[in-house]
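The following pair of complexes shares a single chain, subunit A, combined with subunit B in the former and subunit C in the latter.
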Partner chain A sequence: MIDPLTWSCPLPLRDYPNVVLGHGGGGRLSADLVEHLFVPAFASTALARLGDAAVLPAPAGRLAFSTDSYVVHPLFFPGGSIGELAVHGTVNDLAMMGARPLYLSAAFILEEGLPLQTLGAIVDRMAAAAREAGVAITTGDTKVVDKGHGHGCYITTAGVGVLADGLDIGPDRARPGDVVLISGTLGDHGMAVMSVREGLEFGTRLESDTAPLAHLVATLLAATPGVHVLRDPTRGGLASSLNEIAHTSRVGITLEETALPVRPEVQAACDLLGMDPLYVANEGKLTAIVAPEAAEAALEALRGHPLGKDAAIIGRVTAEHPGLLVAKTAIGGHRVVPLQMGEQLPRIC
Partner chain B sequence: MRYLTEFRDGATAQRLAAEIRRLTTRPWAIMEVCGGQTHSILRNGIDQILPPEIELIHGPGCPVCVTPVEQIDRALAIAARPEVTFCSFGDMLRVPGSGKDLFRVKSEGGDVRTVYSPLDAVNLARERPDRQVVFFGLGFETTAPANAMAVHLAKQQGLANFSMLVSHVLVPPAIEAILTAPQNRVQAFLAAGHVCSIMGTWQYPPLAERFHVPIVVTGFEPLDVLEGIRRTVQLLEAGEARVENAYERVVTAAGNQPAQKLLAEVFEVTDRAWRGIGVIPASGWRLSAAYRDFDAEVRFDTGAIQAQESPLCRSGEVLRGVLKPSRCPAFGKECTPRTPLGATMVSSEGACAAYYNYGRFLTAETSAP
Partner chain C sequence: MIDPLTWSCPLPLRDYPNVVLGHGGGGRLSADLVEHLFVPAFASTALARLGDAAVLPAPAGRLAFSTDSYVVHPLFFPGGSIGELAVHGTVNDLAMMGARPLYLSAAFILEEGLPLQTLGAIVDRMAAAAREAGVAITTGDTKVVDKGHGHGCYITTAGVGVLADGLDIGPDRARPGDVVLISGTLGDHGMAVMSVREGLEFGTRLESDTAPLAHLVATLLAATPGVHVLRDPTRGGLASSLNEIAHTSRVGITLEETALPVRPEVQAACDLLGMDPLYVANEGKLTAIVAPEAAEAALEALRGHPLGKDAAIIGRVTAEHPGLLVAKTAIGGHRVVPLQMGEQLPRIC
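Now for the complex of A and B:
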């Protein structure tokens, strides 16, 4: 684990302890960053050639291609940082199509004044996350904006992965009768970030679940051919992911509220703020919609992997109420779980 | 004792529902006053396990729903001032005034922040003497003590750059206004446990006696709400108009005396306009003369506020329990959660938003093969 406080800057970079506009200017300072920070950290031969584009071997078959931007604040939070998120987020988007992630690009927008020590720690964490996920960071870019025009560091990553032949996973493939699974507890990331961002103390430490899901997906796909839909319920939580699937596949989805895995400390924090774990972000969980006959094998495969040990069957796809997500409550009632207008807001009382 | 999970047990809930079914011999209309209880009823589907004779009417107890447009317009005007840092609880940011909401003011450059406690705003005022920090202090008796404490501390610490835009409302006058309305249908009330934890239950017996309605104080977990309904039905069926406390683990008859003392010092009773209902005499609090310097309405001249309520919106009748949301001509047409005409469609626990979401499900259910 790299600590931003103890991270030591490789020489030449010590000239400036903080990011200055020149680091994005394309001159000597930019080159120093690339040569002494990005190239050694990411350790990719394609990157080390320093061409205008990475030249990569083309795999056979179909490609999956995705991009995402990361603006999380604070940059470091319990269980992770913007560095892990920038790798995991894009790796997971590829994995949700059933793809094996191969290459990432990384573009940094840095705010003037960001300590190089902080940038170094973020980059080291990205490198470690990429190694763990088995993906290479092969090309990148750095821009610097005036102080006050950014929030320290924004990162955009794009990723390419390869799809096995015959694989057809997508949000339009849920069918009535299918079974809905979740790979673990809900809301860990969102409540961990909120606890540090807002200085809320819950008497216990909440940790982000940020993790790369490609290996978990590979394990699942090896166990059964019956996987129809995969989604990582990030922003907007599981409720938003399942609403989108219900809408795209023109089916209804019914959840068993008592089956949803939620850590007691996350539930308590949500209760305190009047929030619903179904709408809170996750960064290391997937929901899988599988054919009914594949459900048991899928559950077993997920539970056999460290990232899926708390996996559970949580609901069913139905022909009724198409387009709607409905939760069966603990006391035997039903409620519609709608798509939210924007972000979830803490309630007054 | 685990105070939450024990009060969410499904089997006990079913037993209570069966008991309510056994007690019920005729239709009853019960109003839950508090938005927190409305939220719990909708979130847990409590209304669906009750016998069809029991109608729950969602009352005017959501602070987001009843804060008048004029006051929101005033908040928008103050929040847009360059010297102001405007602090609010999160769910007020999306409530529309005449033209826009606080999110829009923020996007236009206003310094608008979500806080979790009014004391956070006081701390901010101490840290930033160069900013005028304004807190939007609204809600019922529940949120009032923390707001009173914030103003009290600001005065004690001599924070001249702190002020509060106060829009506090009170439950007992609202109950009285509902009961005296000509078309009133409400036969009994569930009183809000959190309000009573502060104020006690002593305000309610005169109302129960004068209007001959049972009032049962209860909490927010499914079993609290169901037990409150069970005891209400018991009283209704027996023809008894009494106040009962079904939330004894939190509420006492006298309430929180130090809080009441502070409230009496910081606030004074005033007439308040309720969104959709109109002015109810002596139904709210404003800062008392001793604290008037901290009143944002006094500190910032917002000029004449000309509030524009949609002429199509009939949320007042909804809040009084007279009109079912689905019977409103604008419901689901001009007025949806995406394009709300009134606050009852904005707040997730607003009666109109609830009907909109749940109604779609019911329609889908009945049309399913």
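Now for the complex of A and C:
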């Protein structure tokens, strides 16, 4: 883990300790950033050729293609940074279609005045996350906006992956009788960001769960052909993901509230702040909806992987109440868990 | 052409005339934007399936992959908007490798308070530009940042294209003896944005040249196999593009200053402001570096296309002064045209 406070920037730009508009201007300062920061950090042959686009081998099969912008504030938080999120988030979106992630693009919108030291640390985190996830960062862009029109650094990544023949995973494929699983505890990322943003102390240190899920997905798919839907419950949490799936598949989903894995410290922080962990963002978890006969094999496969050791069966897909997510409470009642208008906590990813 | 002032937003969000943080929160407001604005406007089957990633047929051959962020200010300018730029810029980056653009992603970073009417007009421009360029917008993302941390709307697009076998076009392929062409007049985009940003009146109305270049490139490649380098001289203008090529290919480039096509009104505006059209951004032009025997065929092919009617031969690649761009002036002298540190005019794209 790199400490951004002690990290030493490899840029030979000692005259420019901070980002200036010229770093986005397409001149020498832009070229310096590319040659001395991005190309060495991302170490990709396609990127190093410095074309307008990367030229890459086309995989056989179908492509998966996804993009996400990252505007998390603060840029560094316990357990991660905008750099890891920008890699993991897009890798995970590809993995949620059952694809194997291959290539990433990275586009930076920098605010004038950002210390190059901070940018260097973020880029280094991205490079490490890409290596761990087995993807190449192959092409990119940098723009600089004037002070007061950004927030340090926004990153947009897009990803291309390959999808094996025969796989058909999507939010429209949940069927009545299917079983709902979660790969681990809920709410860790959101409460970790919240804790630093609001300067809250909860006794224990809350850490983001940010992680690349492609390998966990590959393990799950190898264990059973019965996977219908995969989703990483990021913004809006598990409640939003399952609401979307219920809506898209036109089915009902019933959760067992007592089966939801939540760390005691996350639950305590949520209780204190009047938040519901079902709506808090995760960055290293997936929910899987599988055929009933595949449920045990899926649970075992998830639990056998380090990122799925706290996996649990948490609910069922039903023909009743199509479009609605319902939770069975500890005392045996039922409550509707609606899609919220916005988000409890903005700028979480 | 849509007038954003009279354009009527299709969103049924009359309670929310402006973007609020919740539009980026992953809840109902986010879903409304996707369902009622993006999906109908972009009309792409892959997008409409609302998966975490788009699933797409993989082309045979090699892939080209590129990304750019767009932070132009103001969002609308004579001849275009951030919406056209976001499509054309990425389509053109793919075309500059000789690729046929297929798929785009679109990620929006919206500032709280942006009128939805404005967003709707931008999205509509993007959809029209994508249709014209023959690409599908297949996947996307929306984040909202709090007021004072953006500038209305930033857009990042990434693009995937297919590259025919045997093509090898890149900034490292210029050879001594090669001929340098430009597809049309220089500086139109930059001076058009400048004119509205600074409230300048130049008598004539300056218009951006923003245009998709993939069809022009296809026409050129069909006419001759001798194309070595293609580049769209955007930020930093033609001077920066040719400097980069000279540097990457380790050759010198000599321009005939009198051969450079510049509109009289653009030249007048540049003279007034002390700017050099060689450094001003273009968004619908390409420079081609071709083998000497291919020069005439290339010129004819460019001139036969509406986007290349003002094409000209403007210079030569030389073995002398490797890494340097030199201009032969009207009075027969030579001047070095260096890579500038930053840019004369920031936030131009």
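Going forward, the second predicted complex is superposed on the first by the 343 of 349 C-alpha atoms of A that agree within 3 Å, B and C clash if a C-alpha of one lies under 4 Å from a C-alpha of the other, contacts with A are read in each partner's own complex, and residues count from 1 in each chain.
One rule holds for everything that comes next: contacts are C-beta pairs under 8 Å (C-beta built on N, C-alpha and C of every residue); 3 or more make two chains touch, one makes a residue touch a chain.
Since the model is a prediction, treat every value here as computed from it, not as a measurement.
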Touched partner set for A:A268, first subunit B, second subunit C, both or neither: first
Touching partner for A:M341 - first (subunit B), second (subunit C), both, neither: both
Contacts of A:T329 with subunit B and subunit C, given as first, second, both or neither: first
Which of subunit B and subunit C A:M97 touches, first, second, both or neither: second
Touched partner set for A:G236, first subunit B, second subunit C, both or neither: second
If touched residues of subunit A are counted for subunit B and for subunit C, the larger one: C
Partner chain in contact with A:A222 - subunit B first, subunit C second, else both or neither: neither
Doubly contacted residues of subunit A, that is, touched by subunit B and again by subunit C: 341-342, 346-347
Residue numbers on subunit C that touch subunit A, as the complex places them: 20-31, 46, 49-71, 92-94, 96-97, 99, 103, 105-109, 138-146, 148-151, 154, 156, 158-163, 170-172, 230-232, 234-236, 240, 244, 248, 339-343, 346-347
Interfacial residue positions of subunit A with respect to subunit B in the complex: 198, 200, 252, 258, 267-268, 271, 273-274, 276, 319-322, 324, 326, 329-336, 338, 341-342, 345-349
Subunit A-facing residues of subunit B, complex: 4, 8-10, 13-14, 17, 34-36, 39, 42-49, 63-64, 89-94, 103, 114, 116, 138-140, 142-143, 194, 222, 226, 337-338, 348, 357-358, 360-361, 364-365, 368-369
